[in-house]
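Structures follow.
Each of the next two complexes has chain A plus one more chain, namely chain B in the first and chain C in the second.
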Partner chain A sequence: MLSYKIVLVGNFGAGKTSLIRRFVENSFSQEYLSTIGVSISKKTIKNARVMIWDIEGHTEFKPIFKQYLLGAKGFIVVADLLRQESIIDIHNHIKLCNEVIKGAPLCIALNKSDMPHTLEDKELQIIKNSSELIIEVLKTSAKNGDAVEELFLKLDKKIKDNMSK
Partner chain B sequence: MLFIHKESGLLLAKVQKEQEALQDADMLASMMTAIRSFVNDWVEANNTNSELGEIEYGGNKIIIEASGYSYLAVIVEGAAYAKTYTKIRNTLENIILEYGKEIKEFTGDFQIFPNKALEEELNLLINNNNKIQKKKKIHPLIFIFPLLFLVWLSYLFYQDYKDETLAKQIQILLQETPSLTSFRIDVDVDDAVATLKGSVPFEYYKNKTQKLLKSIQGVKDIHNDIIIIATLTDPMQVSSNIAYLIRGVNLNNNTNLTYSFDYNTLTLKGNFKDYKIKKRVLQEISRIQGVQTLQDETKMLIPPFKDVNIYFDTASSALDSSTQAELLKASQAIQGLDNNTTIKLSAYSDMIGNINLNRKLAKKRVQNIENFLRKQGALSNTVISQIFETPPPGIDAQKEPNKARKITLTLQNKSN
Partner chain C sequence: MHENLLNLLCKKNNTSYIIFNQNFIVSQVNNILIELNTDIRDFLWEIVGIEENIITLSMTQESIKIPMIFRNNSYYDLDIDTFISETGEKLYIAYMQQKSQQTYKYAKVIKEINKKTLIYETSNEKKHTTYYQQINKHMMTFHVDLDGIITTVNDTCSHFFNLEKNNIIGKHFSYFFHTQESQLNENTHIFNAKDFMGKNIFFHANIIPLTDTKDRVIENIIIIQDITYLKQIQKELDNASQYDTLTGLPNRHYFLKKVDTYIAKEFSFSLCFIDIDNFYYINEEHGSHAGDMLLKHITLLINSVIDSDDILVRIYGDFFAIIFSENKSRVYIQAIIEKLKESSLSHPLKYTADDIINLKYTSLLLDYPNDIKNTKELLTNAQKSIKKIKIDKKLTR
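Presenting the complex of A and B:
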């Protein structure tokens, strides 16, 4: 049995909580999110017990609390593909994650793909190429579930690969 | 008890009571880590060098003890004792010393992580702590035993007090009973049962003591272990025996005997009016153990004896009824005299008829009187007779022949 922690980071309103809610049937104490800035969910992926930390989204006035990133095996950076500044901030989030956990793999979720948008697939590739740490960039929809599972499974696979090294 | 990876919040090991199994311990571990991080960061920001050590909720608490790469969260129901904290700290220390390297290098792979060994270590703590709790938890019944013991003790004290009071009561009664004062009789009362111990010279005293105790209220039973020792040699006891004997004699016989006893020789003084009583007293004294010598300084006070005159009919030696009554009275008086007293019978004649016949008749009259006295009074005194051929002095036989046919009974004492 394996056990690891992943953290979802991203700007406020990017849809981190919705993504987790789509992936995990039961999430733990959503109300804590606004109190201490974190909500924790658990999901067993194959033979791994994955603790998913949903941390309060970054805003102009409130930076991400670094302590919550500690001990994570991987990150999912969530951005709202309808908001340009959200996409721009992906790099800041990657930088922060790498600062805390050097070399931890990342998946980028460009969320709300169910909504009409102009983001082209080649842009996805540009984002992916921007960092070696990024293992996948996916357009996801928490609403209809598009690529949600794939997002978590990809990260899971990479983490497991890393752990078995 | 959750053993948690400090950074990731991953649960490394857990131990819980079967009946109090935790729901989703993994999530709790993560959440606790988040809270811990949040608080510690706030504390750090306020320049205080301390960590979150405890979270309380609804009467329970989570004790957090951190060390190196991990921390131990112990969920305690109710109050925690100082010993519990020490045990938690010691357990964590042991774990770190033994498994510090594995914890530091924890990757998330439980196939290589010694979580079972950790859980065993933690189990020791949970069992140990149970013992502490058990020790501290005092069953209310435990108070009943000291309480019962106190009640029992009080009852014993009360019984003791009652027994002591009863024993004192008995002792006072024995001391106030003249015939028993002189004997050393010990009384022991246990649970209202009186046990008498000591020695008396006669069965009478033993029985008397028993009867006396029966009159005391509250005495349930009497064990009369008084022994009768005929050979008393205790001088005090001997002296007491003499005292009681003399007092009894004085009371019963209207005598005023006194005595002195030097623990060897008894000197008896006073007057006896009755020889038989004297004889009996001397006999009793001779029976008292411890009296070596008896010095009899008593005197016989012989009551004044009125001479008895017995008259006879002509040529008759018969004793009529009034004569017999008078002789009986005389014999009783004589019985109180000692053997030295001699009864003297003086026979007189009316001088009518043949002298020889008259002498014979006089002898017969004397014999009849002596026989009557001996028969009625069992006399052992010597009887002497004197036969006169003449009438009593001052009597004219011719004028008063009936007063001339007379025998006079007088007493003569040899010692006098």
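Presenting the complex of A and C:
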């Protein structure tokens, strides 16, 4: 069976772990247990075995580890709709991903859409236009499941297209 | 016999291993539940995607390292190496080393900090003071004045060194912390220090300048976090930055890159290497803080005589280089070197009122393409030549 690796990157507390948990186990927890290091989940998406890397988020005190990104076929950059800084940091994360895996496709998840937030929909397009690598920008909610499936499936499709080229 | 030895060593180090071939088929394991002759990737998911990197590993190359993997409620570091078997086959070994109890404590603290910071960042009363107070409880924090003298420390700091606060305050921070060459960004640094048990610990440090009303820096707050485990990826950290923390000058990485590009573009340029005389003794006699100050002092002196398009680099220790931009004449460069000599003679370092350190150095001027062919042996050769000049001057180091 085809196997590939994707990595979720983003600032701490943005919801990487929660998005994966929603996608893989269809569950959610309100409690925040920050990821230290990395944990890897496995999920079959349409005949492909996908290794989903949940890595430690970027904090003011710690950069993201490039080593963890090695060998990825695509990335999901996660930001927190409630924290402007995490949205501003998106472009740094994109830069890092592209440094390690040149040209790898990425999806952007603006997470916690179930909460009141100020980001308008027209800004999604602005974010999308900021890099050619971005295949989709979605407002997601790991809590109620909005757009989570779509997020992973869009990336899966792009990766499979790339691999069959 | 070998297998027994390997098993014994691994057991002692809390390590499991899997040996596999280039088709990723498992041929030998210790205490792991994985069947022989199956694909290792069915068990060791972390290597999906990096197959290329593994296959192209060679014995002289550094192993592939993936630190801090969390699985089944425990942390381990993964290391992949290659070797040639008795039958001449190229094989691979993946070791998984369990992390120590210390790591779990560390993880717990970071989780707490992140939790609090997230609550704080999402709340409306985002005030810096409370923020730092929260961090303060968990991390070593100290203030240093512009000369690097520690002025305040928190409890965590005095626990770490097992010293009373007033035994730390008043000392130069380099007495406790050693700066690593790398600097991740302007405000982030890597330090290391020995704790009171003598164990070498690496830290990630954030330096926050405190400014007065006129935006002048009056003091720095340094907040540090244990990253010993991250140090395994030393190489990445080393390359992460091209600037030296002490002097703020570009470092060796920058130097080699720059010289490489000049050579590639076939510019004609000159390099002047500068090595402080008796630096070792200055450190011994006046202390390492004085040594640091001397390095800063020479940085200022050199920068005041060279043009803005010439670049001063700190290669390592007391070894500096000036990259003269292309097409500067020999006469001009000689004049600059002469000026530097005069300036250093007339400006010794006044370390304290009665501790005056004379600044003497040995220099070496090299031209491209006459004396320099490539960057490969450039630094070693330059050091050798300087050493020879010093021996001739009857200066030994």
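In the analysis below, the second predicted complex is superposed on the first by the 154 of 165 C-alpha atoms of A that agree within 3 Å, B and C clash if a C-alpha of one lies under 4 Å from a C-alpha of the other, contacts with A are read in each partner's own complex, and residues count from 1 in each chain.
Please note the rule applied: a contact is a pair of C-beta atoms (placed from the backbone, for glycine too) under 8 Å apart; a residue touches a chain by one contact, two chains touch by 3 or more.
Predicted, not measured: the structure shown is a model, and the values here were computed from it.
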Next item on the list: Judging by the criteria at the top, classify the pair chain B and chain C on chain A as clash or fit.
Entry: clash
Check: Thinking of the overlay built on chain A, is A:V38 touched by chain B (first), by chain C (second), by both, or by neither?
Finding: both
Notebook entry, point to check: If you stack the two complexes on chain A, which partner ends up touching A:M51: first (chain B), second (chain C), both, or neither?
Noted result: both
Checklist line | Touching partner for A:M163 - first (chain B), second (chain C), both, neither | finding: first
Check: For A:F12, is the partner it touches chain B (first), chain C (second), both, or none of the two (neither)?
Finding: second
Notebook entry, point to check: For chain A, which side has the bigger count of touched residues, chain B or chain C?
Noted result: C
Next item on the list: Classify the contacts of A:Y4 with the two partner chains as first (chain B alone), second (chain C alone), both, or neither.
Entry: both
Checklist line | chain B versus chain C as contact partner of A:S113, first or second or both or neither | finding: neither
Notebook entry, point to check: Which of the two partners, first being chain B and second being chain C, lies in contact with A:K73: first, second, both, or neither?
Noted result: both
Checklist line | chain B/chain C common contact set on chain A | finding: 3-5, 32, 36-38, 40, 42, 49, 51, 65, 67-68, 70-73
Next item on the list: In the complex, go through chain A and note every residue touching chain B.
Entry: 1-5, 28-29, 32, 36-38, 40-42, 48-49, 51, 53, 65, 67-68, 70-73, 163
Note to self: For the complex, give me every residue of chain A touching chain C.
What the structure shows: 3-5, 12-13, 32-40, 42, 49, 51, 56-57, 59-63, 65-68, 70-73, 82-83, 85
Next item on the list: Please name which positions on chain B make contact with chain A in the complex.
Entry: 5-11, 24, 26-27, 30-31, 34-35, 37-38, 40-41, 107-111
Item checked: Complex contact set, residues of chain C against chain A -> 41, 45-46, 48-53, 65-71, 75, 106-107, 110-111, 114-115, 117-118, 121-122, 184, 188, 204, 206, 223, 225, 227, 230, 233, 236, 240
